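The structure follows.
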Amino acid sequence: MNPVVQVIRLAATAGESILVDNVCFDVWPGQVTALVGASGSGKTTSALALLGEHGNGVRLGGTVEVDGQVVVDRNGPTSAAAGVKGRVVAYMPQHPGSALNPARRIGATLRELERLHHPTENVVVEALRAAQLPSDPKTLKRFPHQFSGGQRQRIAMAQALTCRPKVLVLDEPSTGLDSITRLQLVSELEGLADGGLGILLLSHDLDLVRALASQVVVLSAGQVIDSGGPEVLAVAPELAPAGTTAAGKPLLKAMSLSASLRPRGRDPILHGVDLAVRPGHCIGIVGRSGSGKTTLARCVAGLHERYTGRLLLDDQSLPVLRKRSLEQNRRIQYVWQEVRGSFDERRPVDQQVARTAQRLRGLRHTEADAEAVATLARLGVSAITAGRPPSRLSGGELQRAALARAVLAHPDVLICDEITTALDDHGTALVVELLTELKDRGTALVWIGHDLGLVAAVSDHVLVIEAGRVIEQGPPATVMTEPKHDLTRRLVRAARIGHRPPDSPPVLTSSNDTRSEPRR
Amino acid sequence: MRSYAAQRAALALVQLAVLSVLVFVLTALLPGDAAEMRFTETLTPERISRMRTQLGLDQPALERFGHWFGNVLTGDLGTSLISGGPVADIIRHSVGATLVLTLATLAVVVPLAVVLGIVMGTRENGRLDRAITSVTLALSAIPDFVIAVLLVAVFSLKLGWLPATWVGGDLLASPALLILPVAVLFGRTVCLLSRQVRAGTISALQAEYVVQARRLGVPRRQLLLRHVLPNAAVPGVQELARTGDTLLGGVLVVEAIFAIPGFATALVDGVETRDVPVVQGLTLVLAVAALVINLAADLVCNRLVPRTELLR
Amino acid sequence: MKARLPLAGSVARLPLAVSAVLVVVPLLVAVFGPFVHLEAAPGLPYSSQGVLGTDGLGRDVLQLLLSGGRTALGMAFGAVLIAYIVGGLIGLTAASTRHRWLDEALIRPLDVLLPLPSLLVISVVAVGWRASALAITFAVAMVNVPTVARLVRAAALDAASSPVVEALRMQRESWFGIHLGYVGRAVLGPVAADIGTRITLAVFLVASVNFLGLGLSPTAPDWAVSVSRNREGLLLQPWAVLAPAFMLVSFTLGFNLLADRLVHRSRRLVEVAR
Amino acid sequence: GSGGEAAAQPRQGGRLRAVYAGGGAKEVLDPHVQSLFVDIARHKAMYEKLVELGPDLKPVPRLAEKWEHDAQATTWRFTLRDATFHDGKKLTSEDVLYSLARIADPAVPERVAQSSLATLDLRRSKAIDARTVELVLSAPNAEFPALLAGIGTQIVRDGFKDPTKPIGTGAFRFVSFDAGRSLVASRYDDYWDEPARIEELHILSAESEARANAVQGGQAEYANDMTATFARTAEAGKTVRIVAAKASTMQAFVMKVDRPPFDNPDVRMAFKLLADRQRLVDVVLAGRGAVGNDLFGKGYQYYPADLPQRERNVEEAKALLKKAGVLNQEIEFLTADASAGFVEAATLFAEQVAEAGVKLKVTTGSSQTYAKDLLTKGAIGNHRSGAMPIPQYITDRLLTKSPFNVTHWRRPAFDSGFAAAQVLTDETARSTKYGELQQTLRDDGGIIAWGHPDYLVAVSAKVQGVAAVPPNTLDSGRFDKVWLA
């Protein structure tokens, strides 16, 4: 059997800078080849070369041979590249949802691709089946916005499959997925590979790679530093769950908290959630995407005003943010999930961070600046980087700046909403270190995350939320090892991909996806 | 969807009712009344006041408005205070010319603007893009009455190629009558529209879904027609709906210069002669048209790109 | 109204200097022209006496040109200024209020006004307060208020409901800090893009009103009035029409080109910053 | 003289499109309600009056073949011509009586001739036979035939009710009408005074610019009431010919003699002396007109042509103004764009008056209400008058009870003098008396008649037989004598 894709000494340069250099890998039919590496290491650049595609001002070199045709040679993309697109290589971009044309019914696009590539066969139905979607006319008549996020991802997959390519390139398919959805993805991909498709997987999610790939190529700064079977990846250390330690009076209490989207309780999101955090304690909140975690956090932070129930800080009633006193404001701080939106585009990041200390702790300008720079440095963000406007910072850097902004208030309760999603292991470690120190000084933490291992490692008590209700809670050790609720069990089991093969095949019906109800 | 339509319709009814009151107040604020406007050197003041009584203008304003409003609810727009003829007739007479003019303009402008916009958008900042932008920009910068005066001077009076006025002309016999008026209205509209289409094309071309379609092997022509055009048309359609009012301002100038007996002229005449029922009727028709056009534009946009949010 | 896509997408191709000259000449004439007095003996209608000949009343066209810009441009600028003061205030208040009813009370009436033909408003004002520059200015301003208010509100609302404002509140930033420091600056962009087109539109509208004889007195030296009144003599003495027309076109053309350039520049800056 | 250059044999047939200043919705089809030029032209094509006016505004017979009156000029006997209506019915005395009754109907105040025919006593008037009618006046009036030639005196058919279905005795019969736009009429073959040569007549309405464009662009063959500037432009080309009736109408400034400062005769005289008539004629009328002598009706019957022409005299005016103490005062001049040249004349006059140290502040009002505003507001304004017999002008504008007395000239002596003149059946005696009255007016009245514009009609080169006569006279706007070469 021959590899369907051969990449030999691929190079990509943009002016002076070298983006990718001397990269070699093969893709075999029926197998998954994974390109792994930190953000910016050249994964996307390498993969797009299979289509002869490159960014503005980027030059390609080396050789890329796809299905016996040379698409890239020493002089860059060849004329054969156009023939490869779709028919041989299908590329799924990082956020497939946005790759669907909002103006066209999904059927129209699928049929169009069918006419283009396989006019005589009925590939659409087949592709939909492979992507686990119904193929009835009603579904085909819907527009992309009438599907849930998970379904949209599968539609993009169906589009790629309609071309019936020999190679499927998947760019970061697991970003933002909860563990159950991620598990579904694994089994979908396995099925496709079994059908003889060659898959190129680009990811920094090592667990996913471990579960799927038969070849792994590790990139770093545009160069291959290691390649071989999955064994080249170090086995992830099992994070030991932290035990319950500190005791004392609860610092923050929420009692039968219910929240809704619209006034007077219409469109409820949360239903009677109780919650208590002690000083120096960390409470972890997990749950599937869209279960209401952020809403709960925003209620506590005083940002979500449409709620009923009681919030107590030190046994004193806690109003919404607008009505909080300076002290109450300082004592509870929130770190945004979508960090980029929470920074003002027009001011340097360090100034925005320092402002907290000025406004909430009355520090002078220079003192505040110094403290901001120090905190950012601890988190691995240099002063030079932080002096830029937010648009020039990477997602990971911005995430840490947002944490610093909240920490500068010296809060008593710190709410962290998925603050490590854009971080690599090193960054995560720096964050955990800072938070542990805060905990030791008596700060209470509310930690929201979908990485169950990390949650278990940081928190003293875990809440599992589903559709706005707490369905299970307890010490992380208990919740992780003896989950009582069915969903918790599935979450835990699904989280273990790459560690140990799942003991039973996951359930793939779309009703398990809380976001899969078609929206109109 | 149905509740949306009902909501829009209810809002529209309220808008129309408030608008009627507003127009009535506006015209009531004007000095003089219709009887006075009929004053000529041969009518004595005593006869004028008798006419005022006959026209019912001596009744309190509120009563007159109530009377008018009640009639409108039954579908009767009343009679003109000046000519004594039914307002509906006046509207029917004047709407035709303006409609022909506007439709003819749109028939020229819309296809051209779409083509130009797409050409410009696909060649962003290229030489062609710059050339078209400069030309349309320059066209749109010339006030319509200046264009009109110059066009008439050159093409009708100097060269004698085209008719300069609708007086004595018959549109059916000589469609050339339309050329100059349309040419005047053409410049600004084509500029506004083509630039919206251009912007739409550029953003659609950069959109992830177009890039993705190209990656899946969709050829360029098909890409432009099926994937780019519908998305690029949305800002254009919205602009078109908004242009209505501006276009009407331009139409007045054109109607005045080419002596076209149209809507805008009738409206201004109505105001000048204090013919309140005529002004009310014309405004009502205009407002209904504006509301319908906006609703249609929203629906079309929603049809083109279904995610467009309907309410605002 | 949603923030308009910036009208201009591309760089003005003419060199900056040309567009600047196009704008500045009519502006200078408008501002300083009225102070210049030429010694021109009255002549016969449409004669070629003097630099640019005479108009239909035997007046010197050059002298008229110098005194006619003040109303032609001043009324438009005044109207846009008033529209922005009134509309901007309404829009900002509506966007920043926490009381939904206040927002509704401010914005709903504008919704109702939107289908009111501007033509009607202007002709009523023009007929009612004939020949008053102030009245026409106000009418043109009032016609623009609803759109300006909605534009400002939409832009401000986007900013005011963004997480940035929440973050600023979490930092206990003052009301002024938030509204002038962030929301106001966010509104500035769309407003700057809008002001360019709005001023040219206002120039057009004012000029059209004057042209149609609904505005200033027919013997006023205003550029648009001159074009209107002298077009009859276009073939006898073209300068009486062409000179004022050129001034108007020069201003709007230059202004359009400049606005186009500015909008493009600001967009490029944003793109570079990304 | 005639406009037609002694062309060859008149040709039959064709369509003539004539454009007049439009009145929009104000245009009417009822011949008794007319007031606009375009209405008059339209009705003239379809209807006729008993009496018409000659080129010097002297009454000439029309539907009335001849007339005679008793010694006091109170009882008038009109003999009708053998004419038929468009529906074939012969013209009779009953039609005349019906028409006059219809005009006088008090329930319809807009019938224009109501005031001028107020002295007609219909109850005592009667038909003598089918073609003789006797009209009796409540007060003697030697000018009665001229009144029957006034506006809105058309003879309609007995029982005529629906003005939208016009039936008259005129040279053209009605086809269609669209207010503010057009009237279409076709030749009436049984017209008593030689049927028209053209087949079809369109009378269109349009503003001045559109009229010019239409006649130049070949979309009309006849354009009424053109500007001097247009005439200048047209004469440079070949397609359009200008037919000018010299000095046919009047342009004037009117001062209210009962309002300060014009209640002082010295001020009135000073203003008359300040007007630079030649310059006004040169600029406002672009030279197409004659200077005025502060009197209406230059060239008409009863005009005192022997009075000396008033000349400009700034020094004398200054002295008078100083004596009256109005130097350096500001006076408001109320004008409007109601008629061509109004604002221009006002602006120019303000400059001329300024030379004597009086500031005239020109205020432009609404053109729609100007006629009424002039009557009630301000102290000085513009005035224009079309052609009409001098006695009628005086009746309408210069008597105590005149409805349109814009100068507020209310002098009992003048009134009685005029009344005395009107009953004089001897024309020479009447003429002398009128002359005296007019001299008082010229020296003491409030009218500064600065110019008499030519009445300009533009016709396309192929139109022949258009007479250069003042408006409102028999041959003006008369299309039955016109032909297309």
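Order of writing sets the labels: A, B, C and D. Residues in every chain begin at 1.
As a working rule, a contact is a pair of C-beta atoms (placed from the backbone, for glycine too) under 8 Å apart; a residue touches a chain by one contact, two chains touch by 3 or more.
Chains and their UniProt names: A = Peptide/nickel transport system ATP-binding protein; B, C = Peptide/nickel transport system permease protein.
On a predicted model such as this, the values are computed, not experimentally measured, just so you know.
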{"item": "Central chain (by mean CA position)", "value": "B"}
{"item": "Pair joined by more contacting C-beta pairs (B-D or A-C)", "value": "B-D"}
{"item": "Chain centre separation (chain A, chain D; CA means) in Å", "value": "90"}
{"item": "Centre-of-Cα separation between chain D and chain B, whole angstrom", "value": "41"}
{"item": "Centroid distance [mean C-alpha coordinates] between chain C and chain A, Å", "value": "49"}
{"item": "Interchain centroid distance [CA atoms averaged], chain A/chain B, Å", "value": "50"}
{"item": "Two or more partner chains touched - positions in chain D", "value": "209, 366, 368"}
{"item": "Chain B residues counted as touching two or more neighbouring chains", "value": "31, 157, 256, 272"}
{"item": "Contacts with 2+ other chains: residues of chain C", "value": "127, 231, 235"}
{"item": "Which chain pairs touch, all of them", "value": "A-B, A-C, B-C, B-D, C-D"}
{"item": "List of chain B residues in touch with chain A within their complex", "value": "207-219, 222, 226-227, 230-231, 304-307"}
{"item": "Chain D-touching residues of chain B, taken from the complex the two chains share", "value": "31-32, 36-45, 47-48, 50-51, 54, 80, 82-83, 85, 90, 93, 152, 156-157, 160, 163-169, 256-259, 261, 265, 269-270, 272-273, 275, 278"}
{"item": "Chain D contact footprint on chain C (complex, rising order)", "value": "42, 44-46, 56-58, 127, 130-131, 213, 217-219, 231-233, 235-236"}
{"item": "Interface residues, chain B side, partner chain C - complex", "value": "11, 14-15, 18-19, 22-23, 26-27, 29-31, 120, 124-125, 129-131, 133-134, 137-138, 140-146, 149-150, 153, 157-158, 192, 195-196, 198-200, 202, 235, 238, 242, 245-246, 248-250, 252-253, 256, 264, 267-268, 271-272, 279, 283, 286-287, 290-291, 294"}
{"item": "Chain C residues within the chain B interface of the complex", "value": "1-2, 5-14, 111-121, 123-124, 127-128, 200-201, 203-205, 207-208, 211-212, 214, 224, 227-228, 231, 234-235, 241, 245, 248-249, 252-253, 255-257, 260"}
